[in-house]
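Once you scroll down, you'll see the structures, which are given as C-alpha cells.
In the two assemblies presented below, chain A is common to both, partnered first by chain B and then by chain C.
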Partner chain A sequence: MVFTSFNFLIFFPLLATLYFLFPTKHRWLILLAGSYFFYINIKPVYALLLAGVTLSTYLFTRLIDNTPNESRKKTYLVLNIVLILLPLFFFKYFGVVNEGIFGLLESLNVRWPLPSIELLLPVGISFYTFMAIGYTIDVYNEEVAAEKNLGIVALFVSFFPLILSGPIERAGNMLPQFRARKGPDYDMIVGGMKLMLWGYFMKLVVADRVGIYVDAVYHNIGEHNGTSLLFAAALYPFQVYADLGGYSLIAIGTAKILGMNVMDNFRRPFFATSMAEFWRRWHISLISWLTDYVYTPLSFAFRKYRVRGIVTALLITFLISGVWHGASLTFVIWGLMQGIFVSIEALTVKPRNNFAQRFNLKKRGWYIAVGCLVTFTLFAASQVFARADNLQDAFLVYARILSTSGPLFIGVPSILLFGLFGIGMMMLKDFTDEFMPSRFLLFENKHKPVRILSYSAVILLIFLIGVFDGGEFIYFQF
Partner chain B sequence: MEVSLFIFNSDGMIKKLIYNILLVAGVLFILDFAIGRTLRHFYFREIAGFHYRTTYSMEKTMEDVLIFGASRANHHYVPEIFGDSLKMTFYNTGRDGNGIFYQAALLKSVLKRYTPKIIILDYKGEFWKGPLEYDQMSSLMPYYRTHKEIRPIIELRSPYEKLKLGSETYPFNSQILTIAMGNLDINKTRNADNKGYVPLEATHAPELKVYTSTASYEVDSNKVNAFKDFVTSAKASGAKVYVVYSPLYQKLARYQENEICSEICAREKIPFFDFSRDTFFLQRGNLFYDGVHLNHKGAILFSNIIAGKIKAGLNNSPD
Partner chain C sequence: MERTDIVTKLTPIFKKVFNDDSIIITDGLTANDVANWDSLSHMLLIAEVETGFAIKFKLKDLNKMRNVGDMIDIISSKL
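The block that comes next holds the complex of A and B.
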C-alpha cells in the first residue's frame, strides 16, 4: 500500500477512527497492527525481515541497558548494528559485490560456478534500519532508556507513515509519543490534513508530471540534444523535491492526525544560498542522522587534524550518504561531489563571510538570488549522477550538454506545461513561506472562505492535472 | 482502568471537524460540477483533433468500412484508397497510444448503433502484463457517463474507478489544455479531419533495429480476453472481420504476440494478415517514419495491398 493508492485513502481514515475509539492506554496496539498490515500489503515476506530487525534491536538494547560493564555494552552495540545491517547489505549491496568479484575473477580467467542472484530490495529497509541503528546508539549513549515493551519498539521501527521513505525519526522523539495518553486535537488533525493535501499536490501534480518529461529524455540520452538534456537536468531536482518532499508531507501529516509530531524533512531547499545551508534544508532527517551518528563521531576522532579532519569527516559522511542511496558508482560520485562542495565551502567560509560583511551583501536581494542560483546549479549538476542509470550515461549527459545544441524537446506540450505550472505553484508557495511568511496565506488564512476555497482549489487541481497512474515514489528504490 | 474514548470527551470537536469537512466537500462538489460540466461542454464541441475523432468514432460513424487500432492503424490506412478500391465509405478510428481495451470499447459503442460491412483491426498484439493499456483508457473516460456499454471495460482500470468517475472533472484529467486548443479556430483548420487518417511525413529512413531476445513475457489475460471479445463480437455482428499486423521496420527474434493473435483468429476463422516479417517492407526503410510506423508513402502502398486482399476476398466470397 502506498500513500497515493486509493486503498490508503480508505485504510487511513478507518485506522484513525479505530485508533481514537480505542482506550488511550492500548492505542499503540492499533498502530502496530495497522503498520504491519500496511507493510504486509506491499509484500508479506518482507515483514519477517522487519520483525527480525525489531527483535534484534529490542534484545540488544535491553542487554545494553541491563549491563553495567562498558565493554559488554559496546559488544552488544556492535553486534546489533552488524546484525541489522546484514539484511541491508545483503539486499542492497550483495549483487554489486557479487558482480564485482565475478568480474575480477573472470579477468583472472577464473570461472566461478555460482550464478548471479537478482534480489528485490525490501522497500523501506534503508529507512527502518537507520532508525533501529539510531535507537541502539541512543540507548548505548544513554540518551534514551531502552524500551521494555517489545510492541512499542516494533511500532517505532514499523510505524507506517515513516517506514517506506522516512523521515528517519529518533526514538527520543517517537517513543514518548507512542505512550502519550492524549485525546484527539482539532488543530493537529486539521494541520495534518493540510500537510497531506499539499504533499499530494507535490507528488501528483509536480513530481509525477515532471517525471514523465525527465524520463522521456533520460531514457534516450543519445537521441536528445544538449538543450533538452540541460533542461531535464534542471527539472530533475524539482522532481525529487516534489517526490520525497511530497511523500514526507503526507507522512508527517498522517502522523500529525494521529497526534504525533514528526520532524520536518525539507525546508524550502531551493532558497539555500550555499551547499552547507542546502544540506540543512534537504532530506533533513537523513542528514541530521548522518551528522549525529557519523559526522560528529568522525570529526571528534579526527579533531587533531583540525581542518583536514573536518574535510575528511565531511567527505566520508557524504560518501556514506551516496552509498546509502544506491550501490553504484554513480551514487559514490554523487556523494563525493556533495562532500567536495561542502568541504570547499567550509575551507572558504571566513574570506567569503568577510567579503559579504564588508560590502553588506547578506541582505541584498541579488546576492541571495545569486547564492540560490549557484547552489541550485551545483546540486542539479550532481543530480545527473543520481538520475543516470550508470556512469557512462551520466558522462554522456554532460558531454552532450557541452557539445550539442538544438531545439528543446517538447514531447506532449501539456505534460511540460502542467509540470512547469506545478513547479511554479510549488516554488511560489516556498518563496512566500521563505521571504514573507505572514503574507499571501491560503491554507492558513484567517478568513475561513479563503481557506475553504484554497483546499478545494488544490483538490480540483489534483483532479484536473494530477497524474493518477504515475507509479511509486523515487525513494522506494533506496 | 483508564478509558478515554474521544467521542465522549471531544467537546464538540468531532462535530466541528465533520462540519468543516462537509463544507469543503460542498464547495468541492460545486466547483467540480461547474468545471467538469464546462469541460464536458467544450470537449464535445471540438470538431477536429483526436478528441473529436474518438467522439465521431463512438457516436456518429455510419461508414461501411471501419479501421480499429492504435497509432499504427491511424497512420497506415489511407481512406481514399479503400474508398476507391472497395467502393465503400470508410473511417479510420485508430488513435495514437491506445490499446485493445480502447478498441474493444469503441467497437461496443459502434455495434450498439449499427453494423459496418467490414471491420479491420490492426493489432500489434501487446498482450504483456503492464499498466500502460489500462492507463491509456483515460481517453475513454469522458464517455463513461453516457455509454453504459463501455463501463465494464473502463472499470478494469481499478476497483475504485467507478468511485473516481463520480467526479465531473476527473474524466477530463490532463485534458484541459487539449480541450482549449481543440476549441480554437486555428486548430480546426490545422487538424482538418480526413476520415480519421493522419499521415506521417518523413523523408529519411530510420535505422533498422534488430532485437535478439527470445524470452517469453507474462501474458495479461484481460488483454487476451479483450482481443477475443473484439473479434468474436465483430464476427457475430455479421461484419466481415480482418485482423492485420501491419509492417514493422525492425526484426524481432520472437513474435509471441503473433502466436496468440494467429491462434485466436484461426479458431474464429478470421483472416489474419501478418506483415510483421514482410521482407518487401523490411528492405525499404524509406517507407517508414520510424521502426513501427509507415510514412504516408508506405501507408499508400500498404493500403493498396490490404484493400486488394480484401477486395479479392470479397469477390471470392459466396455472399
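The block that comes next holds the complex of A and C.
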C-alpha cells in the first residue's frame, strides 16, 4: 500500500480510529498489526524477510545487553550487522555481481551455465535494515537499552509511516513514543494533517508533473538538444525534492496524527549556501545515519592523519551513500562527486571564511544568493548521474548540453506550465520559511478564515492539477 | 590537573582548530555556539586534544560529549 493509493485513504483513518479507541497500554499492538497489514499488502512474502531482520535484531540486542564480556558484545554486534545486511546485499547487489562475474568469465572464453537472475528489491529493505543496524549499534554503545518486548522491536522496524522510504529513525526517539500512553492530541492531529496536505501537494502536483517532462527528455537523450537537456537537468533536483520531501512530510504527518514526533528529512535544501550545508538539509535522516555510524567511526580511526584522514572518511562515506542508492557505476560517481565537493570545501574552509569575514559578506543578500546558486548547480550536475540509466547516457547528457543548442522542448504545454507553477509555489513557501518565518503565514495564520482558505486552495490545486495516475515514489527503488 | 588548568590548556587548541580568537570556553559550550564547529572540525579537535594532553579517547567517549563540560570530565578522567 502506498500513501498515494485510494486504499491508504481508507486504511489510515480506520487504523487511527481503532488506535485511539484501544486501551493505551496495548495500543502498540494495533500499530504493529496495521504496519504488517500495510506491508503485506505490497507483497506478502517480503514480510517474512522483515520478520527475520526483526527477530535477529531482537535476539542479538538482548544478547549484547545480557553479557558483561566486551569481546562477546562486539561479536554479537558484528554477527547481527552481517546477518541483516545479507538479504540487502543479496537483493540489491547479487544481480550486478552475477553479471560482472559472467562478463569476466565470458571475456576469458569461459561460458558460465547459470542464467543471470533479475531480483525484485523488497521495497523498504534499505530503510528498515538501516534502522535495525542503527538500533543494534546504539544498544552496543549503551545509548539505548535493549528492548525486552519483541513486539515493540517489531513495531520499530516495521512502523508503516516509515518503512517504505524513511525517515530513517532511531530507536532512542521511537521506542519511548511507542510506549507512551497519551490520548489523541488535537494540535498533533491538525499539525499532522497540515504536513500530509503539503506532502501530497509536493508529490502529486510538483514531483509527478515535473517528472513527466524530465522522463520525456531523459528517455530520448539523443533526440533532445542541449537547451532541453540543461532544463531537464535543472528540473530534476526539484522533482526529487518534491518526491522524497513530499513522501517524508506525509510519513511525518501520519506519525504525528498518531501522536509521534518523527525527525525532519529536509530543511529547505535549496537555500543551502555550501555543499556541506546542503547535506545537513537534504535527506537528513540518511546523512545523519551515515555520519553517526560510518563517518564518525571512520574519521575517528583515521584521526591521526588529520585533514587527510577526514577527507578519506568523507569520500568513503559518500561512496557508501552512492552505492546505497544503487549498485551501478552512475551512483558510484554520484557518491564520489558529493565526497569531492564536500572535501574541497573542507580543505578551503579557512580562507573562504576569512575572505567572507574581511568583507563582511555573510549577511549580504547577493553573497547568499550566489552561494545558493553555486550549490544548486553542483548538486544538479551530480544528479545527472542519479537520473541517467547508465554512464554513457550521463556523459551524453553533458556532451549534448555543451555541444548542441536550439529551442526548448515543450511537449504538452500544460504539463510544463503546471509543473513550473508547482515548483514556484513550493520554493516560495521555502523562501518565506527560510528568510521571514513569521510572515506570510498561511497554514499557521492566526486568522481561521485564512487558514481554511489556504487548506481549500491547496486541496483544490491537488485535485485540479495533481497527477493521479502517476508513478511510484522515486525512493522505492533504493 | 584541575579543571581550570584543563580549560587553560584547551583554549589555544579551540582557537586554533576553529580559527577564532574570541572563543571563551565554558562547560555549557556546544557545537551550536561555534561557527566552524561541524563534524569535520570536530574530529580535528579530538585529534588535537589527544595530542595536547597526551591521552587517547575511545569512540564511546565521543558519544558522551554533549558539551565542553563533558569533554573536560572525560579528559580529567584520563589524566
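Criterion: the second predicted complex is superposed on the first by the 478 of 478 C-alpha atoms of A that agree within 3 Å, B and C clash if a C-alpha of one lies under 4 Å from a C-alpha of the other, contacts with A are read in each partner's own complex, and residues count from 1 in each chain.
Just so we're on the same page, a residue touches a chain if its C-beta (ideal position, glycine included) is under 8 Å from a C-beta of that chain, and two chains touch if they have at least 3 such contacts.
Given the structure is predicted, the values throughout are model-derived calculations rather than measurements.
In this superposed model built on chain A, chain B and chain C occupy separate space and fit side by side. Of the two partner chains placed around the shared chain by superposition, chain C is the only one that A:V349 touches, whereas chain B remains out of contact. When the two structures are aligned on the shared chain, A:L460 is found in touch with chain B, with no touch to chain C. Of the two partner chains, chain C is the only one that A:E143 touches; chain B does not reach it.
For chain A, the partner with contacts to more residues, out of chain B and chain C, is B. In the superposition on chain A, contact of A:R306 is made with chain C only, not with chain B. Legend: residue contacts after superposition of the two complexes on their common chain; A:R358 is shown touching neither chain B nor chain C. When the two structures are aligned on the shared chain, A:G183 is found in touch with chain B, with no touch to chain C. Smallest inter-chain Cα distance, chain B versus chain C, after superposition on the shared chain: 37 Å.
Taken together, the two complexes place no residue of chain A in contact with both chain B and chain C. For chain B in complex with chain A, the residues that touch the partner chain are 1-7, 9-10, 13, 16-17, 20, 23-24, 27-28, 31-32, 35, 131, 134-135, 158-160, 163-164, 167, 169-170, 172-178. Residue ranges of chain A in contact with chain C, taken from their complex: 141-143, 276, 291, 295-297, 299-300, 303-304, 306-307, 309-310, 313-314, 346, 349-350, 353-354. Those residues of chain C lying in contact with chain A across their complex are 19, 35-36, 38-41, 43-44, 46-47, 50, 59-60, 62-63.
Contacts from chain A toward chain B in the complex involve residues 6, 20-21, 23-25, 181, 183-184, 186, 189-190, 413-415, 417-418, 452-453, 455-457, 459-460, 463-469.
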